[in-house]
Structure formats: structure tokens, C-alpha cells
Amino acid sequence: MVHLTYFFAVYGSLINFIGINVLLALSLYVTLSAGQLSLGNAAFAGIGGYTAGILTTQFGVPYLLSLLAGALMAAIVGFLLGMPVLRLRGVFLAMATLSFGEVVRIAAINLKITGGAEGLLGMPAYTKTWFIYLVIAVVGYFLSRLRYSRAGWSFESIREDETAASAMGINTIYYKTLAFTIGAFIAGLAGAMYAHLNYIITPGEFGFSAAVNLLIYCIVGGSRVWYGPVFGAALLTALPEILRGIGVTAGPIRMFVNGLILLIVILFLPNGLISLFQRRRKVAVSVLAGAGIGDN
Amino acid sequence: MQKNKQMMWMGIAVLMSLTLLLTVSTEFAAAAGKEAKIGLAFSMTGAAAGYGSTQKNGVQLAVDEINAAAGADGLKLIPIFDDDASTPQQGVNVFNKFINADKVSLIIGPTLSNTAQVSNRIAQQAGVPVLGISNTAKGITEIGDFIFRNSLTEMVVIPNTVKVAKEKLKISKVAVLYGNDDAFTKAGYEAFKIALQGAGITIINEQTFAKGDRDFSPQLTQIKSQNPDAIVVSALVEEASGIVSQARKLDIPKSVPIIGGNGFNSPGLMKNAGDAAEGVIVGAAWNTSSSSSLNRKFVEAYNNKYGSLPDQFAAQAYAGVYIAYQALSKAPSPDNHKAIRDALAQIKGMNTVLGNFSFTDGRDADYIPVVQIVKDGKFAIFGE
Amino acid sequence: MLLEITQITQHFGGLCALAGVSFGVESGSVHGLIGPNGAGKTTLINILSGITPATSGTLRFDDRRIDTFPAHKIASLGIARTFQNIRLFPALTCLENVIAGQHLIAERPLLPRLLCLPGAIRQEAVYKQQSLDILVRVGLADRADFSAQHLSYGERRRLEIARALASCPRLLLLDEPVAGMRRQEMLSVAELIHTLSQEGMTILLIEHNMAFVMELCSQITVLNFGSVITTGTPAEVGRHPEVIEAYLGKSDQDA
Amino acid sequence: MNLFLQQLVNGLFIGSVYGLFAVGYTLVFGVLDILNLAHPAVFTLGGLTALWLVETAGLTIFQAFPIAVLIAGLLGLLLDRVAFAPLRHRADTYFSGLISSIAMAIMFESVALGVFGAHTVRFPANTVTPTIWRFAGITVTSLQVEIVLVAFLLMVGLTQFLKHSRTGKAIRAVAENERMARLLGIHVDRIIAFTFFISSALGGAAGILFGLYFDAMSPDMGRSIELKGLAVIVLGGMGSIPGAIAGGLAFGLSEVLTVAITGTSNLRDAVAFAVLFAILLLRPSGILGRSRMREA
């Protein structure tokens, strides 16, 4: 027991950050599951974070309500952004979402209400560890059930082949926007929770490198199943501590290892590290079990 | 539900292996008789990596000197360096490790104010003293009574600079150029603005840039067209040297001086801006050219050890270790954080490379800042 | 007429792929669309299924104008298709491909799923059984759990037909359904098409294999250089002088 | 003093540096449809290597320039071999290529950090000795003129090379249709490797010129130009060489004009990214590109 207390004392905040990053990775997973490469999810987290933070600090809105407002605000922006940009494909979509993210970041720097470059200060530390993991559990459950719903199959079809999906009767614009909006909602929620974890949020935390990090979490973990990004985010967030544990302390080397892991995964494990845990042929069968079909 | 079971096991396995790795990674070092561990959280990677590396150099130099002088019986310092990666997240992780795993007596750092805003709260809660050596933002020491800093804020340095510059240069209208996406440069800008208004100097043009920018010619061209008496710049040294050299390349005459704050106080300014740096006026928290024996010894030792001249970050780091050491020596035991804190708070009139150093009641640095001018590739006291 | 094609024209830049194509597909028929390579057959199928909009002309399906509809809306009226270059969902299993193809007929609402209601689970089982039945029909029952990318060429074509059937279409557009198949496989597909037709499904198919087309189709339309040469029964088409001419020049490839 | 004219000159100058950087970026995209996000890291390493050659190895800039450019080109070969060639036949090659280039960028940057340190460095003051020219109230340094000239020589050289040389034609053939090029007996893999060599050599050259003028090089200097480079190639139409040059100039001008017109620089980057965003939505093929939208 002493050992466990000690563990939480040392790694308590790491565990919180893992949780937030897991949620952010899950938000990108939803978008990726419909085949859409978004680099805007960090900005959605920023929108959620700033919205919630401003509401609690300046308007005295209760915590849970502020979370909901942050997530909804991000979802609304995601919806409005998604409608025009989702006509674009592949890297063009990535770049449109990226420039959106930059505009959001620059706006946060220049606006009064967001506190400018110094960041938004004074959010009480309402977000507790158990709550983060409760939200992860709920979101994870939601995503696992979503996977084999009508929307889930549509996402899957669009990712595999958008043209074939539309010929099958799938309204691709609708479902892409839906995936984008759900992703924005989750990102906004994570951002709102993050804002109440750290006392301060700054525009730089939601910029391009944050967006790329989320993508890396999803790729390293594996973006075909919802628990892939969970694993990726947990591993990479904990990586500095793990590396320290095995004696790697110098900064550049940690960075190098980060890049190397990503390279190895993309070259040899296109479905992410999570595919190491999955048995090959079983995949097909267990997928159906998850749909509740195998029970009868 | 076969899949769920499989997943659950997988999840447990992952969690367990993570736990194991993390626990194994933290060894309990037995503290020997007269030793004090200090945690040093600096940015080794990320945006502030440039400052973190000189801070580390400054600390290492001071620690080596102290440990050599301590002899067999004296109190020795065990420095534990870690990388805050220029992010609040990593900063907090490092602080947690310092406090709970390494059980340090005191923490020096982190490099950036934004990180300090978050990480210092952890230390305050745990009752472990923190000495900031480069945090200049508002509200850092207000976090609590365990938070100190030896870095003079822009609010202290800049009014003095403006006052001296006005007296000596008779300027009445200036243009301002500042980095608007960085807490440090933005705070510098606010300080300049207040000081300039207080001194009755008109700001005829305000321009901004972003971190990482290299091209400042559009802003400088705009400024040049308004013929200011001087250009006031709030920037860190990377951008500062670029601004200075491009201003001269754009033919803004040397009769229009450039005035900067703490961010300019680095030999990097002369190294990277070259001749263009001549005549730049730098208000700063450390007098590079101070002839005090302590300072001369520091500059020389630093140059010998690292082959380059120290900047203000190194000087503040160096001074920080000595300040911390004084407090640690007075405390009955290195575990007694409360006593260390009290000893820190009582430091008054201590002779450091920064000058005659005291902490204010608000645990901020209190000593006299300097106004320097670049002359023959070196900083000299302005007006002497 | 189930499907009426009137004066469909398609330009790609300066290239005229289709020049005023008109013909009708009768309800319940198996209608063949033949012509040399580059005649515009696939272009027409793409227009019919809404993948690419026509430059001009009208399409009527069941007396409704559909030429301005997007692909998914056309599909929702009951038009399903396969692709000449096979567009399966490669990472999914055969069964999953077919299940995904049920989009238009399967509700799969989220809320009951979230609550794990027994009704939702029962419904899933029904859908799964339907998909398996379709796989049986195309002879891929033993491949249900194989991922689509590991199938043979002929199997992939059959799986694509199965996926199209999953939405229970009224009109099925098949773009070269037996290309690259062995004879035995081809015969089984012919039989499948025949059965589907007898069950009342209307089928429009593109195929280069003349024997296959002549045997199976009740009506045939011949395209050449983007225009209709003729539409008629296999016997009529076989006698048409222009058809013979168009085909003689390329008989070595298309026979 | 002619304010507006001076700003145009500023824009022309920075625009040509952007253009040179973007030409290499867009070349790889044109041939492979892959966004090589390691390009900025090659840019950085090119500049830092030249600095090392001048400062430590004691070469003149005229000797160091070609050597550093060659080394940058070799980095391009390494990129191709390690990060792109193994993924070439994967269905999602544009996506996995993007990821592996991110991995390489992280590793390159960490190497730069480890080898050259985090400090901002510059070429020794006497590397080139510029003279300042003044006419009609405009100030131009000889160095600026030289940089613009070198940039344009390289860009024009590349255009001519692609148009007229055998290898250049082969590159265009591969860009147009890889399979057809293979049938025509072109060694596609060799051509692609060569494309990476050229692209990275140009990126390295841009890094050196950038470092020479701005006197401030650091391991992360590629980051500040990365997003701008992306904007430039979108502006110019992805894959179009003349488009990248024109896009570079247009972007450089839009930056200075925002400052010149609004009188403040707060909105400089926001305007640039908003323009990028708008162009993606209204004219995804760029200002000069083909009207067909590429299916990436």
C-alpha cells in the first residue's frame, strides 16, 4: 500500500496527463475512423479549454456545466468547419484543418478574453483523476458501441473506400461531418478538463506540434480500434519517465527515441503497436463477437 | 464477450508493465551524512532549450565550486538535472519526481514562467521550496510562501532603463517592437508601455512578431518610415539579434538607438548581430561587465570551463545555486523544508554575481538593475 | 421502363465520352451494355450511379428524374452497383463487407446498442444471418472470415456482387462481373444473375465476353465512340451491320 | 523614403526564400503525392552543416555551399530509402508516408540538437561582406540581391532541367503515371530517389541562404518555415514548380502587405493562414495549379 501511495505521489500528475492525452487521442480516432486526417483537434481542445475556463473563472459557471459548454462549443465549431472542409481529401483536409488551428491559436494570442500570450489563468483544479478515467471509460464504451452501429459501419466504409461507400447509399458528407463533430466534441471535453487541471492554459499548448502529437499517438497505438490510440497516448506520454527509468536522460536522445518508435511502427506495424496484442485470424471472429452477434 | 475479456487482460497487462517500468525506474538513493539534493528542472528540449543549456552550465559550475570548497565535512550538493521539455506537462512530471521520488531539499527552475505557473503549485502544496532563476511573469511568487525567485522582473528592470535612456538620450518619440505570443516578451512590452508613458515619451508605432520569426524587415520598414527617436524592443536574444542586425541592414541609422530588456543581456547579441549590436542599450538584471571580484571570477571560470561567455541566464543560475546553498547550510537538516524556506526568506544583502542580493517580503529579487550599452563588442555601463 | 436514359452527354475537358446516349432498361430484364474499349460504358454506369454527374441529359428511374441526385440518394432509390476495378473494403472481412453493404436496409440505431437492449442484439443476429445467406448465394460462405484483400480475383468480384445485393436493390449495375474469372466461376455467376432476374431484380451489365452476354441478356445496347449503335434482342444485335463492323476491327480482343 | 516600394522589396526577398524552400517540398509531392514533412529538418541541417564547414572546417562559403547542398541531397536519399521506399506499395502510402516523414523530422531535429546544440548560431561575420545599396529611398543589401539571384537560378535551373533533360523528363513521366513510366523502361525507383536528392538539396540550399541572411540558425529553425512552406505549395497548386515559386512570392508579399496596409503585424500570420484556408476551400488546385482536384 505504501508503495502504491508513493507511486501516485510521483506519477499522479503523469497519470492525469495520460488520461487527458488518451481522450484527445480518442477524439482524433473518431475522425480517423471515418478516414479523415484532421490536424484541427488540438485547436478544438483549445476552444473547449478556453470556453470552459472563461466560464468558470469569469462567470462562475459550475464545473460540469462548463465542461459541457466547452465540449459543445468545440462541437459547434467542428460542425461549422466540417461542412466546407470535408469536401477536401487527404493532405488537403489536413492542411485546411491545420490552418484553422493556426488561426485559432493566433486568435487566442490576440484576444483579451483569452488572456493573450500569458494564457488564461486561475482555473481551480476541479478535474480529478477518477473523473478523467470515468470519462475515458464512458467515451471508450460509447466508441466501442458506435463501431458496429449504422454510423460506425458508415465511418468504416468511408475510410475504406469513399466512392464505393457513396454508391452503397452512404451519405458521405453527412457521416464525415458527424465523425468530425463527435471528434471535436471529445476534444473540446478533454480541453475543458485539461483547463481545470493545471490552473493555466496557454495558446501554444494547442498549436501545430500538439496536433501532430495526437496523430502520433493514434498511429503508434493503432487507429483501427478504439483502444489503439488509448495505448499509444499512454505509452508516449509516459515515455520520458520510462526512458528515465532505463537511464536515458539527455533531451535529444529522448526525442530521437520518440521519432524512432514512430518510424518503426509505421514501417513494420501499420496497424499500430496494438496489433502485436491481437491474434491475426481471430480479428475477424472477435470483431463480430463485439457486435453482439456471436452470443446467440 | 470474448473480445472484451481479451481486451481487459491486455489492458491489465499494459498497466502492469507500465507500473513496473515506472517503479523500477525510481531508485531510492540513500542520503549520506552531509549532502543535500537539489532538483534542477530546465528546458533541455523544446522552445526554450537554448536557455536551459546555459542554465545547466551555470548551475554545474556553481555546484562544482561549492563541492570543492566544502571539503570533507562541509555540506555537499547533489544536483539532479531533468528536462522540463519547455512544457507545463513535463515540468509538473519532473517536479513530482523531484519531490516524491528524489526527495530533494529544494528545486531550482523551471526555465519558463508558463511552466512555473503550473509546476510551482505542486511544490507549494508539498511544502518544498522553489527558487526560480528565469521566471519573470507576474504572479509566480504569489503562488505561495515556498516560491522564490532571484530573477528581477521586467517591471523592475525596464522603468529604470527608460528613465536612464530618457535622461541621456533626450528621446521623445519611440516605436515599439515586441513578441506577442510569448509571456516574457509580452510582459516586457507591458512594462515598457507603462514606463514610457510615465516618462512622457510617445509611442508612435507598435509592431509585433511571433516566436521563431526570422524576418523582421516588414515591421522595421514600417517603423523606419515614422522616424522614431529610438526603437524599443521586447524580445528574447534569438529574435533580438535578428532585429538589431536587420534594422541596420535596412539602413536605420545608428543615431536611432535600439533599447532592450533582459532578453538582450546575452553575449549572443553581439555574436549574432555583430557590428550592428554596437550602441544597443540593454537594461538588465545582471551587469556583465561588473568589476566585482566575484563576477570577474565567475565570467573567467565559466569561459574556461565551457569556452564561451556566460549570459544572464547562466549568471542567474550560478547565483541561484549560491543563494540556495546559503539557505541549505543554515537549515538544521536537508529534509527540513520549512527551515530551508525560512532561511531563504531571511537572505538579505548577500554578495552575488548579480549584485548585493536580498529577497523582498514577497520573495522576489531585490537588487539594483543596470543599464548597459554595447561598446566594442562588449557590454559596458551606459553613461559611464 | 424501370430506367430511362435520355440524351446523356458527357464531356471531360475537350473529350466527348458520351454523345447523346438514349435507351431504356425494362423492369425485370437482364440488359447487356457492350461495346469496344473506350466506348463509354463505364462512364455511363458512373453517371447512372451518380458517381460523376453528366454534362447534360436526363435519367428517369421509376418515372423519377434522378440525374441531379448525388450517389447516395440514387443508391437509396434501389440502384446498386459493382466497379470494373473492384472497390471492396480491403481491410474488412468478407462478412463485414456485406454487413457494411446493408447500410440502406439496416437500422442499427445507436441508443439501443449503447444500452445493450436485447432487441438490438436480436436484430444484429438477423442482419448477420442475411449477410451470411448472401455469401452463400455467391459461393463465398467458407470465406466469411477472410479479409477481402486476401481473396482471389474472381472471389473479389463475387464479393462485390454480394455487397451490392446486401442492400436489396431493384436495379443492379454490374461492370464486367466475370472479367478474369475461370469458366466454372463464370458459370456460377451466370446462374446467380439468372436467378436474381427470375426473382424480379432488374440487371444492367457491362461485359466483354460475348457468349456470356448473348446467353444471359434479354436486351442488349451497343455503344461505340460514345453513341448508341443499336438496342435490341441478342439476335437483332448480332445481325446489325454496324455492330459487326465495330466488332470485326477489334475481334481479336473482344471475342 | 518610399515605404510601399521598400515593403515590396522586402516581400520579394522573403518570398524568394519561401519559394526556394517550397520548390523542393512541392517536387516530392508532385512526383509521389506525398507530403514530406522532413523537408524543414533537411533545410535546418543544410544550414547548420554549412555553418560547421565554414566555422570548424575552415572552408569559405563558396566551398561550403556545394558540399552542404550535396550532404542535404544525401539526406534526401536517406529519407527515401528509410522512410518512403518501404511504404511505396502500401494502399495508404500518402498517409503512412506523411507519418514516416514526421518520424524522420523528429529524428533529424534531435540529431541537430545533439550535434549542434540548442543555441542560436550564425555564420561568422566575415563569411560574406554585404554592401548596402540605396536608391529611390529603398535600401537593398548586395547579399539580398545575391540570395534572390541564387534562389532564382536554382529554381529556373530546376524548371529547365525538368523540361529538357532526359532525367527531368523521366521525373515528369513518373509524376504523371508511375505504372506507365515503368512500362516505358524508366527505372522508377532510381528516379524517385533522384527526385528526393534534388528536393533535399534545394531544401538544404534554402537553409544555407536563410542562415546567411538572417544570422540566426537553430535546430528548430525549420519549424517556423514549415507551415509557411505548406501554405506556399497550396497557394501554388500542389506539385507545381512554377506554382511554388509564384506561391512563395505571393505569400511573401501577402505577409509584408498585411503589415504595410494594417500598419501592425499582429494579424500577419493570421491573414496568411486565413488566405490559405480560403484558397483550399475555393480553389483547392491553387492559384496556378490545374483545375482538377487531386484525389490524394
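As written, the chain order gives the labels A, B, C and D, with residue 1 at the start of each chain.
Going forward, contacts are C-beta pairs under 8 Å (C-beta built on N, C-alpha and C of every residue); 3 or more make two chains touch, one makes a residue touch a chain.
Small disclaimer: the values here were computed from a predicted structure and weren't measured.
Engineer: Can you list every chain in contact with both subunit C and subunit D?
Structural biologist: In this structure, the chains that contact subunit D and also subunit C are A.
Engineer: Relative to the centroid of every protein C-alpha atom displayed, which chain's own C-alpha centroid is closest?
Structural biologist: Closest chain centre to the overall C-alpha centroid: A.
Engineer: Approximately how many whole Å separate the CA-defined centres of subunit B and subunit C?
Structural biologist: Inter-chain centre distance comes to 70 Å.
Engineer: Measure off the straight-line distance from the CA centroid of subunit B to the CA centroid of subunit D, and report it in whole Å.
Structural biologist: Chain centroid spacing, subunit B to subunit D, equals 34 Å.
Engineer: Can you compute the centre-to-centre distance for subunit A and subunit D, using the mean CA position of each chain? Integer Å is fine.
Structural biologist: Centre separation, subunit A to subunit D: 31 Å.
Engineer: Can you check how far apart subunit A and subunit C are, centre to centre, with Cα atoms defining each centre and the answer in Å?
Structural biologist: 40
Engineer: Which residue numbers or ranges of subunit B touch two or more of the other chains?
Structural biologist: Residue numbers touching two or more other chains: 44-45, 47, 49, 180.
Engineer: What positions in subunit C touch 2 or more of the other chains?
Structural biologist: Counting only residues that touch two or more other chains, subunit C contributes 90.
Engineer: By residue number and range, which residues of subunit D touch two or more other chains?
Structural biologist: Subunit D, residues with two or more chain partners: 110, 113, 223, 266, 269.
Engineer: Pairs of chains that touch, anyone?
Structural biologist: A-B, A-C, A-D, B-D
Engineer: So in the complex, the part of subunit C that touches subunit A is made up of which residues?
Structural biologist: Touching subunit A from subunit C are residues 49-51, 70-73, 75-76, 80-81, 83, 87-93, 95-96, 99-104, 106-110, 113-114, 116, 120-122, 124-125, 128, 145-147, 163-164, 167.
Engineer: Enumerate the contact residues on subunit B facing subunit D in the complex.
Structural biologist: Residues in contact with subunit D: 44-45, 47, 49-50, 52-53, 180, 205-210, 212-215, 217-219, 221-222, 224-225, 237-239, 241-242, 245-246, 249-251, 268, 271-275.
Engineer: Please output the residues of subunit B touching subunit A within their complex, sorted ascending.
Structural biologist: 1-4, 6-7, 10-11, 14, 18-19, 21-26, 44-45, 47, 49, 81-83, 85, 87-90, 92-93, 96-97, 99-101, 114, 117-118, 121-122, 137-139, 179-183, 185-187
Engineer: Looking at the complex, which residues from subunit A come into contact with subunit D?
Structural biologist: Result: residues 37, 84-85, 87-92, 94-96, 98-100, 102-103, 106-107, 110, 208-209, 212, 215-216, 219, 250-253, 255-256, 258-260, 262-263, 266-267, 270 of subunit A touch subunit D.
Engineer: Enumerate the contact residues on subunit A facing subunit B in the complex.
Structural biologist: 3, 6-7, 9-14, 17, 106, 109-110, 116-119, 121, 198-200, 202-205, 227, 231, 234-235, 238, 240-242, 244-246, 249-252, 254-255, 277, 286-287, 289-290, 294-295
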